[in-house]
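Have a look at the structure below before the remarks.
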C-alpha cells in the first residue's frame, strides 16, 4: 500500500512540474525564446491566487469556490504577459542572447515587484488543507485537491495539444513556428501570433501557480528555484516540445519520489545526474528537434 | 515611511558630504560633541529566505531606538539608525565597510545568516568596529570559528534550540516512541543537530531505531514525495529541522496524507515560521521550539508585553524571536556605554572601553534576564513546549511553555561540543 | 586616438584613487578589479565568441574556493600559488565541460551551462567537509610574494599592497586580452560568431576555437573570483547560483559587450551604481532590472558605446 | 593529365529521397567543369558532399589521390579544396582584409596564435594584398564588408577562400543575384584572379547557359541525382536529346 502513496506523490509532483514548464515550452517552441520569467510568473500566479481567494472568503464566498477563483485569478495575473512581450518585442530582431537577457531583466524587476506588494513573509493559504477532503483506502490516503491538480494539469496538457494540433489558429501558430517569413508571405499577422503565444505562455505559468498554491506556499525564492527545476525537465524532455515537457516532468517527478524512498542521500544530485545522462544519449533531449 | 528609511536617506546625503570632506582630507574629526547622535548601523536582510527575519529585527531595532530616545537617549545623546541590507557575504561586507568608514557609525548590529556573519567577523575585528550579531554566529555548527574576538560580540549558540528539543523529548516523551525519522535541509547545522539528538537519546537511555533520514534542498516546494516515503517507513517521532517556507508546506502535506495521526513531530526551528504554523495542519502535542522569544508567554515581562502589543497592533502579525535578539543587542550596547560613561566620570568612552565594559554585562531582555559572557557569547532564555489550539489566534501556542537558561543549553567557552554533550548533567 | 585617451584617463584615475578616495571606495576598487578580470574572460566567450553562458559564476566560485581551501584547509597562503591553482583547477574543469558545451550554440549552450552551474552549486552544499557547506569557507589574508604584511590592518592591506598587486595583475591580464582579441585566434573566434559555416570552410576548426575560448574565459573568471574572495574574506555557495551568472552578464552588457573596455567600465559603473542605489532604495534590484532592459534596447554597446558616441565616435 | 579530384560512386540519401545516386567523375588540372541540372537534381548536395558538409552514405572523394571523405570541411579547406556559397556570405563587422586574412592564417596553422596581433604577421599581409588586388578590390581593403556593393561582396566572398591557396575551388552559382549585364565581367574577373592565384581547376554550379558555353571546358548534366551527360560544351549544347534529358521538354528552344 505504501507504494501507492509514493506513486501518487510522483504523479502529483510530475503534474506540478508540467504546469511550471508548459508555458516555457510553448514560448520556446514558437518563438525560440527561453523565458526566464517562467518562475517569476508562476510565483505571481501563486501570490495573486492566494490574495484573490482570501478576498472572496472575506466577502462570504464559500471555500468550495477555491478552484474557480484560483483559475480566474491565474487568468487575470497572466495578462502581465502583455507587458513583458511589449518590451521583448523591441529586441525580436536582435540575437537570441539578448532576448534571453531581456527576460532576465524582468526576473530582477518582478523579484522586487512581488516583495513590494506581498511583502517578505512566505504566503500560505492556511486554514484549508483538505477543503475538498481526503480519500483513500487503508494506508493509501491522498487529499482530493491534489487529485484535482493532477486532473487540471492533464486537462491543460490536452487542451494545449488540441489547440496546437486541432484548431485553425493552432495551424497558424505551428506555421509561424516552422517558418515565420513564409507565414508572413501567406498573410499571417505574425506579430499578433507571437503576442498571443507569449501571453498564453504567461497565463499557463500564472494559472499553474494559482492552482498549486493551496498545496504549497508562495515565497520570494520560488522564481529562481523553479527555473532550475523547469530547466531540468525541459533539458530532459527536449526544448520546445510539449510531449517533452510531459515526459520530462514524469521522469523528474518519478526520480525524486524514488530517490527519496530508496536512497535519500542522493536526492538533490539525482535530478542533475539524469540531466547530464540524457544529454549524452540525446543531445537535444528526448523529443527535441535538432536545431539547424 | 518607517523611521529607519527617513534616517537612512538623510544620513546618506550627509554620508556623501562626508566623502567629500575626507576626500579633501583636511578636516580632522571634531571632538565628539555631547549632543551629536549615537549612530548605530543596522544590517537586516530584505529579500530571499531571510527577508521576513530581517524585517522583524529591523522593526524591533526601530522600536527600541525610539523608546531609548523617548527616555533621554544613551548618555544624553539621541540614537540614530543607519540601515543597510544584508544580502550575500560580498555585498554585506561592503555595506559594513561603508557604515564604518563612511558613516562612522559607533556600533554595527544585525546579520542573520552564518554564511554572512562568519566571513565578516575577521574583517570587522580588523576594522575595530564594535559589532553585535543578532544571529548566525558562535560555532560554525560545533567548532569555534571566532576565537577570542575583541570588538565582535556573538549571538547565542545555534545549537541551543536542538539541545532544548532533545531535553524536552527526553523529559516528556521518554518511552512513547521507538522509531525516529529526520527531515532537514542538507546543510551542516541540520546534520549536527540530528547527530546531537541521537547522542542525547542514548545519554538518557532512550532506545530508538532510525527508520528514515531525508535531506532536502533549501528551496524545495513540494514535499508530497517526502511524506509518502516517510509514511512507508512508519516512524512514530519525526525530528524536523526545516525552517523556511518549506516547514509549513511539509506540515500541510504531512497532515493531508495522515502522517500527523501516526507520528509526533518535533519542530526544532518552529520559531522561524510560528506565524505560518496554522492550527489545521499543526496538531496539538507537536513539540515547538520558539528560540529566545515566545510571543504568547503566559506572564510576559512588562517590556515584552509592551512590545508584543505594539507589534501586533502595528503590523497585524506575530513578532519573530529575531525581535528579542535586536532588542538585546541594542540594550547591551546601551548598558555597556552607560557603564563605561560612569566609570569615566561622564566623558564619552572609546570603542575599546565600551567593548570591555560590555563583557559580562547583564540586562533584562524580552525573555527575561540575559547577559553577554566574557568570551563575547550572548546568553538569553529559550522557550519551547507542546502545541495547543485553545487560543484566539489562528496559529498554535504552547500548552505549557518551558524555559531554559542558555547557560544550560550552551557549551562553556572552549569546550568540545560532543564531549560536553556526554559529560554535562542536564536538568531532565 | 580616442582609445589611448580613454586608457590614459582610466589608468590615471585608478592609480591615484587610494590617495584621494576614502578607504571605503578604495576597497570598492578591489572588487572592481576582481569583476573586470572575470568579465574579460566572459567578454571573450560572449562578446567576441557569441556564446552566452549562464554558468560562468561557477568558475568565479572555483577561484574563490581554491583560495579558501588552500588557505584555510592546507595552510598554503602564498597568493601566487593560489592564483596558479585557481587558474589550473578552473581550466581543468572547463576543459571537461567545454568539450560538452562547445558543440551547442545559443539557447542550448546557455541552458547547459546553467545546468552545470547548478550542479556545482549543489556540490558545494553536499560535500560540506571540504567546502564548508552553506556557511562557505573563510579566506585568510594571503602573502604577496612571500610577504605577509601582518603588521598592517586588513583594510590598509587591501587599500595598500593588495591594491597594487591587483592593479598590476589587472593590467597584465588586460594587455594579454587586448592581444588575444586582436590575434588571429581572436579574429577566427569573431568570424565563427558571425558565420560559423563559412569560417569552417575557411579552414578554421570552429568547435576547437570555441573550446579554447571557453577554457580561457574560465581561467580569467577564476582569477577574478580569487581576488574577490580575498577582498570579501570568504567564499560561499551563493557565488555559484545561476542568478549570479546572470548578474555578471548584466554587468558586461552594462559596460559594453564585445568592447575591450566593456568589462572595466561595466564593473566600475556597477560598483558605484550598486553602492548608490543600495543606500537609497530597498528596491535596487528593480532599478537594475529596468536599467538592463533599457541598456539592451537603447545602448546595445553599453556605456562604452555611449561614451564613444558621446565623443563623436562612429554611430 | 594529373587527376586532381575524383568522386567515386557517391550516394547520399535523406530518408527515402535519394539526392545522389552513384555519382562518379574526375576533374583534372586545368579543367573548368560546369554542373547543370534542374532544381533538386542534387547539384548543391554534390558540392556540399565534395566540400565535406555532408558525409555520403556510400562512395569516396579523393583529392590529389588521397581519400578526404572522412575529413571535416576545415581540414579539406586547409588541404586546398575550397568552396564558396550560393548565398553571399561575408562577415559584416569585418573589413575586407580582415575577412580575407582568416583563410591565410588557417592555412599556415596560425589560427590558434593568441599572443601577436594579426596585423603584425608580414607574410600574411602581403598575401592578402595580392589576393585582394587580383580581385580588383584593393581600394576596398579597409572597408567594412557590410559597406560593399552586391558585386563586390560576391568577389570578396570568393576572394576570402583564395588565401587558402586552393588547387581546386567549388563555386556554387557564383554569379547568382548579379545583374546579367555584370555576370560576364564578374566571371572574367573571377577566372583571371583564380588563374593568377594558382587555382588549377574549378567546379562550377551554374544555370546561365551562356556563361557555361563561354567559360566551361566540360559540362556534367545531373538529373535526379544521377549523371546523365558528361561532354564538352560544344557537344553538350549541340545535342537536343541531351538537353532534353536534363531539363525535360524544351519547347522549340534552338541553341547554337
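A, B, C and D label the chains in the order they appear, each numbered from 1.
The rule is simple: a residue touches a chain if its C-beta (ideal position, glycine included) is under 8 Å from a C-beta of that chain, and two chains touch if they have at least 3 such contacts.
Because the structure is a prediction, the values reported are computed rather than measured.
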item: Most central chain, Cα average position; value: C
item: Most extensive contact between chains (C-beta pair count); value: A-B
item: Chain whose mean Cα position lies farthest from chain A; value: D
item: Whole-Å separation of chain centres (CA-atom averages), chain C against chain D; value: 44
item: Centroid spacing, where centroids are CA-atom means, of chain B and chain D in whole angstrom; value: 75
item: CA centroid of chain A to CA centroid of chain C, Å; value: 33
item: Chain centre separation (chain A, chain D; CA means) in Å; value: 50
item: For chain C, residues that touch 2 or more chains besides their own; value: 122, 125-126, 285
item: Set of chain D residues in contact with two or more other chains; value: none
item: Multi-chain contact sites of chain B, meaning residues that touch two or more partners; value: 46-47, 186, 217-218
item: Contact graph of the chains (line, ring, star, complete, other); value: other
item: Which chain pairs touch, all of them; value: A-B, A-C, B-C, C-D
item: Interfacial residue positions of chain C with respect to chain D in the complex; value: 176, 179-180, 182-188, 190-191, 194-195, 197-206, 208-209, 212
item: Parts of chain B lying in touch with chain A, wherever the complex brings them together; value: 46-49, 51-52, 54-55, 186, 212-222, 224-229, 231-232, 244-245, 248-249, 252-253, 255-258, 273, 275-276, 278-281, 317, 394
item: Chain C partner contacts - residues on chain B that touch it in the complex; value: 5, 8-9, 12, 15, 18-19, 22-23, 46-47, 84-85, 88-91, 93-95, 97-98, 101-102, 114-115, 118-120, 122-123, 126-127, 140-141, 145, 186-189, 191, 217-218
item: In the complex with chain C, residue positions of chain D that touch it; value: 51, 53, 72-75, 77-78, 82-83, 85, 89, 91-94, 98-99, 101-103, 105-107, 110-119, 121, 160-161, 164
item: Chain C residues within the chain B interface of the complex; value: 20-25, 27-28, 31, 122, 125-126, 128, 132-136, 138-140, 153-155, 228, 231-234, 236-239, 274-275, 278-280, 282, 285
